[in-house]
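You will see chain A twice below: alongside chain B first, and alongside chain C after that.
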Partner chain A sequence: MKKSFLNISPLQLVPVIAVLFILVFQQESRAQFDEYERKAGIINTFAKYVNWPSKAFMEGDKLVLGILGDDPFGDVIDNMFRNRYVNGRAWEIRRAKTIRELKGSHIVFMAQGFKEEEVKTFLQEIYSRNNSFVLTIGDNIPNFCKNGGIINLTPNGLYTLNIVSANKAQLTIDVKLLNLASDIIPYDPN
Partner chain B sequence: MYEKIAVKDITSCSIKYKIGICIYQSPFSKAGAEPYFKYLIEHSCSDIPAEKYYYYARLLHYKENYIEAINYYNEYLEAYEQAVEQSVFKDARLRIEQCENAINLSKKVTTGNTTSSQVMEIPINTSYDEKSPIISKLDNFLIFSSKRQRDSFNYVYGDQYRFLPEKLQSNDDDIYLSYRKGIQFHHPYPQFNEDFRDIYPLYIQDGAYMLLYIEYLTDPVGKGNIYETKVKKGRWLKPKKLNDKINSEHNEKGAFLANNGTTIYFSSDRPGGQGGYDLYKSIKIGKDDWSKPINLGPTINSEYDEIYPFVHNDNKTLYYSTNGTLSIGDFDLVTSVKEGATWSTPQNLGVTINSPYDELQFSQIPSKRYSYFSSNRQNKDAIGGFDIYSIFKPVHKMKRAIVTGNIEVEKNGQKIPISLTVKDQDNITYKKYVYDPDPSTGKFFMILLPGKNYTITVTHNELELYNIKIDLPKDTYRYQLIKTFKMKDIVVLNKTVGYDIIPEESQFEVTTFDQIKDKKEDIADARYDALLMLMDMIVDRTDKDGLASLNALDDPALDPVISQQAKGSPDPYYTPLLDLIERAFNEANPDLLTSLDSMRGDTGDKVVRLSKENNSILDQRYYFVENEFDISREDQKTLNDIASFIKPRSDLRLEIIHFSQENENHEIKETDTLTQMRINSINNYLASKGVEQWKVKVVEKPKMSSDDTGCLKLSIIIK
Partner chain C sequence: MFVSLIASSFSTILFCAYDFQQYKENFIKETKQLAKLIGDNNDASVELQQFTPAQRNLNELLNNNTQIVTGVIFDKEQRLFAIYSKTALLQAKDKNIELYDKVILDKDWQISHAEFIPSFSQNNTTFALLENYLDIYVSTFDENGRINTVYLRSDLTSIRERITTYFFMFFLIVGSVLIFVSTLSVPLQRSISKPILELERIANIISKKKDYSIRIKDRRDDEIGLLIDAFNGMLSKIELQNESLIHAKEVAESSAKAKQEFLANMSHEIRTPINGVMGMTDLLQDTKLNEEQKHLLKVLKSSASHLLVVINDILDISKIESGKLSFEEQVIDVKEVTSSIIDAFSIQTNQKGLNTILDISKKVPERIVGDPVRLKQVLINLYSNAVKFTFDGSIIISVRNKFENDKKVTLQFSVKDTGIGIEKDKIDHIFNSFTQASNETTRKFGGTGLGLSISKQLVELQGGQMYIESTVDLGSTFYFEITFKKYIATTKAVSNASSLQKNTAEVQDKPSSKKILLVEDNEVNQMLVLRLLKKWGYVSDLAENGKIALEKLSETDYDLILMDVHMPEMDGYSATKEIRSSFPASKRDVPIIAMTASALKGEFERCKKAGMNDYISKPFKKDNLLQKVQDYTNSKEPLKNE
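Our next item is the complex of A and B:
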């Protein structure tokens, strides 16, 4: 039951079809990993190079990431962090619109879309209490570090780091994070 | 007759009860009994035993009205509350459990689950009992048993009758064989043409060997045995009874050969089991004997019946029928998988395949695409009595990504022929559907599974030139890659020692299935399908193994995309990204971090050695004037060349080899001061020319020839 077109040599057909496909579709260029896949990956690495005091893990063994605001990651971060461990701790991801709902988080990722005043209030709320061992990460938020945030992701793929805020939060930052920071803020915003 | 009386005495409860029980026995329409029992319950016929609840519950159960059925089973139990009839309680409670199973399993049926059973058409099924469908491994013929009239085509539809009239009844029983004709089957033909009380096939191998159950007219009623037979000169030989290890003085129901005929699985109600019929296995010893049967244990066997085992070609998936607590009513098909030495907890095949009636004698082709079983269910599709049903598992349409583009390597202005090897993150090599670049255009073509990371190794004359890493996101429809390289000879000391591979152009584009959908290019999907079909045909014509491996992809159990993320392991798709980020931090290399959104991850060998066998790409000997360690002016020149070659290349290492010397007693002397000074002198010279110390290693080797005397050898090797 041979069909006629099958009599053409298969190897001749392959390039023909390949060319046909290339011609048929208008292509869209797209980065290998998209922006928030890269940012999720960087958060995972930050967590590796930040040392929390042991009393920060009173609630259990998990490392809790709170995403504040409109979640830009979608399920990317869940898929990436599932079954991955940071210094032996599994990830837990929480999403909320208020700091109160994110209580117990070790990292708070602040999404874009907040006004500067709101950001200030959130940061004050986080660091107002003693022993709030929270690594705050801003998603390219203006004056995030100046307002007391610890790491602010910048559009060039790097980040700004406020070492004083990190110290106040009793977090030890590995030198590796200092090496790659595009800007280090060595002063107390207050 | 009762129906005739009932016309005269339309209110008699006991007549109605008897009519109800009669119709309940019908092989075609038990449901006809429902109004009679309903009448008895609604009219509180006190002279009728509480069995009326039981029969009514059974009828509701058969109608798949499980919740109501549970209510009436409970009524029945309450009526017998005072009685101490254990069997009554046990049966009704089992039925309640089975109704609950059905309710739970119904919840699991998801929309889009298209695996369901279909009754096979006449002439496979008739209004008589058709049972024991056994499909050949090659899916080219089906054998089964039928009680049809052998010499008649007098097929009647059961739904015209509650019981067949006498003239249509049949005393015949035979095994029939039907060859496949496309998706249908040819007219089946009887195989034995003898008189049996009962006969049905159990196992078939290549159409030339069969295991079967026969109850001859001379056997006690209901006590048949398991036989085997072979084909000789186109006819089945007289069946030979299996020995008493298999055929006991008790009853056997079903037998199946697995592991190339070396293991027999069978069901028997012999004592010593878990209760009722149990599944056993026995290993073949010599030509005709079997080992002592082993009970498959309490995971598989229960106090109820387990009958008709079938073992899939993989020798680890067991199907059988049970009427115990796993069932949703009467016998149901269940499956269990052997994991090492133990069987997994059996699972019901679900409500799309099982019914509250009997489902028996499962059989399946190795690809699992077609399965068959028999059932006496009475729904609108049933043809009558036991019928044969088929299960077609639709092909799981697996998305595959097309990787196309150009890969070119140019040497001295000429394109050189290259070939590609593709490996995924698990180091599995992909050979099928990988077509090397056309030597004139550089166009290549491959079909890969999306959701994985691949390394494409470019080779020329078996020399590995470059590794290109690509990541195919899960929904990749097409990945287009353009990479061009220049290959340059590396000349050191007037010798070609290898090639530099310099990446020139580097581009890629990913088109996802979503992007095609957005453009509403429905035609794209059709073209994609057509291409995949074409590829299948090409592989079919050129590579049978390739096709087999493609077919394996259709099976979700073997589906690498579905199974690639083992439970508890992270999604491997993100691993390269995370590794790269970590590398950026470890190396304090901001460029790596900032360039994550562009092409990345090439791990090309910058230097390609000329031959694989020889580890070193350049050897140079340095001889010294006796008792001197200064380097001559001439040697300094060659060392300059070597230094400038090594300096910019991080993957090269330099070995300074000195040769061990023996004393008069053939003992190896320790390195003398002079040799050490010569080594230092070369090392220091190289260091002064900028060669990093970590690239240089001093090695001692035994002296092989007189050439080695008083000399140091420098070898350049690729890390």
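Our next item is the complex of A and C:
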């Protein structure tokens, strides 16, 4: 049996490989095309593999995503997250320019365009209170994790993860996320 | 043995099939679990589209698994997301280790070097034992749908090994069962078949020795024991039955013997009065009678002679069967015997218009030594049969010399007729006592059916044989062969036998000058003999018993004494002894002829021992008596009165 597989002539292999390459290129082109669609998916995945303490959901059963700053997703994320559930919870997406406006969010997605100082301030604001239980995700923001953010998306679909901040926020991060993180920073800004 | 083989094979096969099924299910389940684990492990990486960790994870999980050949993760969109191809990795490993480490994570390289790339399918399991692979697709879902699908292809080496083990096990179990059974069956067989063989041996001994008192002593409590008990029981039944059969046989034999003796005695007792009747009839014939009386007398005589024939036959049969028959040795003139028979039947043959041809071969000696009476009896039987059953044609009596040496001569006598013949299936039966060719024969031709049986037995008792050739409607030929002693001149002196009257009749006196004393107690016999003697011209005197005879002899001289042996007061034997011992020389040598009714074995010897010269058995034919009387008184008168 094995032999018959091995005996497949290179000529026969060519079309198979060609098809696969086309698939791979398609994937790449799509990724380029829908970067934020992909990022929305990533957010969904993070939500799946991060465990909030039960008291984080006192006021309702929806999982609230707050998009801070200029919304890069547009209605893509709304369409995507409509009828999507994470651990039995539906999504709610809020958009705001200030932290205050995003109060009650479980995840805060920080868009690009903030200065490092601003970011720092936002993060301090978020985690200043006890029991904030907020997963902060930075959209490729420099020193996001160093400044106390939990996950920072980096190019090529990778991300860095600050486990200390996560612990502080009393969030349990699935080991799979830890595994997949390109960099784990045990860094406490304080 | 065969049964245990089948049983063990069957159970082993059943067990193997069950175990195989179990193993296969387990194998599939384990592979599925592995696939599920891969799916669970890589849901995040698939969602995050990080194929490198997935590649690493696949390699980590599958690298140590010897059976997984290919592992593939498909993402949500059914695209090939990560791949583990053992063949590709092995190729890399063959080249160099550095490349190998790289290749683990290099999806594209593995795809290009994989022996085959699976296409997407959802939750599909293909178990192909012959092609030696198991294909499994397991999809992982969350509440929003399928996250990924893991494909694993496992080769079935372990299952194949297991199947090999089954075969090995099968042969091991069956083989050990066979060995076990055979080792177990040997002593079992010994304990079962040994007593059975013993039984068979004893049964053989019993049937050989016919000894039903043998019992098998083996005491056992099992089925063999029951068999032995039953066998012993059967033996005792047989023994009992045998005893009762033997008893019954003895009873039957003794009653048959008693019957025979009764028959012999009866016929003997009947013969004496018949003798009287016949004698009286003869005497009556000589008196003056009218035609009607003569006719009645003729009928009376023929009835009496028939009765006598029947009684003689019965007596002969009983004598033969009781083995009391003895044969005399006297000189026989072959020609005379045969021709006398033909003469005796001449009236009948003339009436029927039959020719009788006597054909004596020249090689047949004129005289032989044997029992003339029995020879005659046989010939008469055959000849009378021939006459009886022939209605037209001729009868040939022929005598041939079959064999001759210095002392003996074997003669073949044959009586050939042109009569009715005998059917083939009856030939075997006609020599049996009381049997004729058919019952119809008895009705038509009469006879007791004893004649041939007696003849055959007489011939066989003399060491000869009798046989028959016959064709229905053409006639029968009866043959018999008897070996006689050769006649040598000296025997003549020993036997001054009756048949040689020519020699003794040279000097003859007149009967009237001879005085004969009859010693006889039976009145009928007295009358008969006295009348006959008177008729023949002899002077006779009568004594009622031996004592009176002695007295009379002392007073008068007699030329001959006819002495009955069984008488009251003094029997013939003692009277003869007395005469021979205590009488003066002139009277001592008087010839004495015994007259005895018991013509049995040893009678003649007894008479001779007592000193008698000859004997004549009752009932006697008058010719016979005349001849003897003439011989011993040396007197002969031409038979003018007869």
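Operating definition for what follows: the second predicted complex is superposed on the first by the 157 of 190 C-alpha atoms of A that agree within 3 Å, B and C clash if a C-alpha of one lies under 4 Å from a C-alpha of the other, contacts with A are read in each partner's own complex, and residues count from 1 in each chain.
Heads up, the rule we're going with is that a residue touches a chain if its C-beta (ideal position, glycine included) is under 8 Å from a C-beta of that chain, and two chains touch if they have at least 3 such contacts.
Nothing here was measured: the structure is a model prediction, and the numbers come from that model.
Q: Going by the contact rule set out at the top, does A:Met80 touch chain B (first), chain C (second), both, or neither?
A: After superposing on A, A:Met80 lies in contact with chain B but is clear of chain C.
Q: Counting residues of chain A in contact, which comes out ahead: chain B or chain C?
A: Looking at chain A, the partner in contact with more of its residues is B.
Q: Scan A:Lys48 for contacts with chain B and chain C and give back first, second, both or neither.
A: Touch status of A:Lys48: both partners.
Q: Is A:Arg38 in contact with chain B, with chain C, with both, or with neither (first, second, both, neither)?
A: both
Q: Looking at A:Gly88 after the superposition, I want to know if it touches chain B, chain C, both of them or none. Which is it: first, second, both, neither?
A: A:Gly88: touches chain C, not chain B.
Q: If we overlay the two complexes on their shared chain A, which of chain B and chain C does A:Leu180 touch? Say first, second, both or neither.
A: both
Q: Touching A:Asn167, do we find chain B (first), chain C (second), both, or neither?
A: A:Asn167: touches no partner chain.
Q: Considering only the touch criterion stated at the top, classify A:Leu158 as touching first (chain B), second (chain C), both, or neither.
A: Once the two structures are laid over each other on A, A:Leu158 reaches both partners.
Q: Which chain A residues contact chain B in one complex and chain C in the other?
A: Residues common to the chain A contacts of chain C and of chain B are 6, 13, 17, 21, 24, 27, 31, 38, 41-42, 44-45, 48-49, 84, 157-158, 176-177, 179-180, listed in rising order.
Q: Can you tell me which positions in chain C touch chain A when the two form their complex?
A: Interface residues on the chain C side: 41, 43-45, 47-50, 53, 57, 79-80, 87, 108, 111-112, 115-117, 131-133, 142-144, 155.
Q: Using the touch rule from the top, collect the residues of chain A that touch chain B in their complex.
A: 6, 10-11, 13-15, 17-19, 21-22, 24-33, 35, 37-38, 41-42, 44-45, 48-49, 79-80, 82-84, 156-158, 176-177, 179-180, 182
Q: If we count contacts the way the header does, which residues on chain A are in touch with chain C in the complex?
A: 1-2, 5-6, 8, 13, 16-17, 20-21, 23-24, 27, 31, 38, 41-42, 44-45, 48-49, 84-88, 157-159, 174, 176-177, 179-180
Q: For the complex, give me every residue of chain B touching chain A.
A: 402, 404, 435, 438, 441, 443, 445, 471, 478, 480, 508-512, 515-516, 519, 521, 524, 527, 531, 534, 537-538, 541-542, 568-571, 574, 577-578, 581-582, 584-586, 588, 590, 593-600
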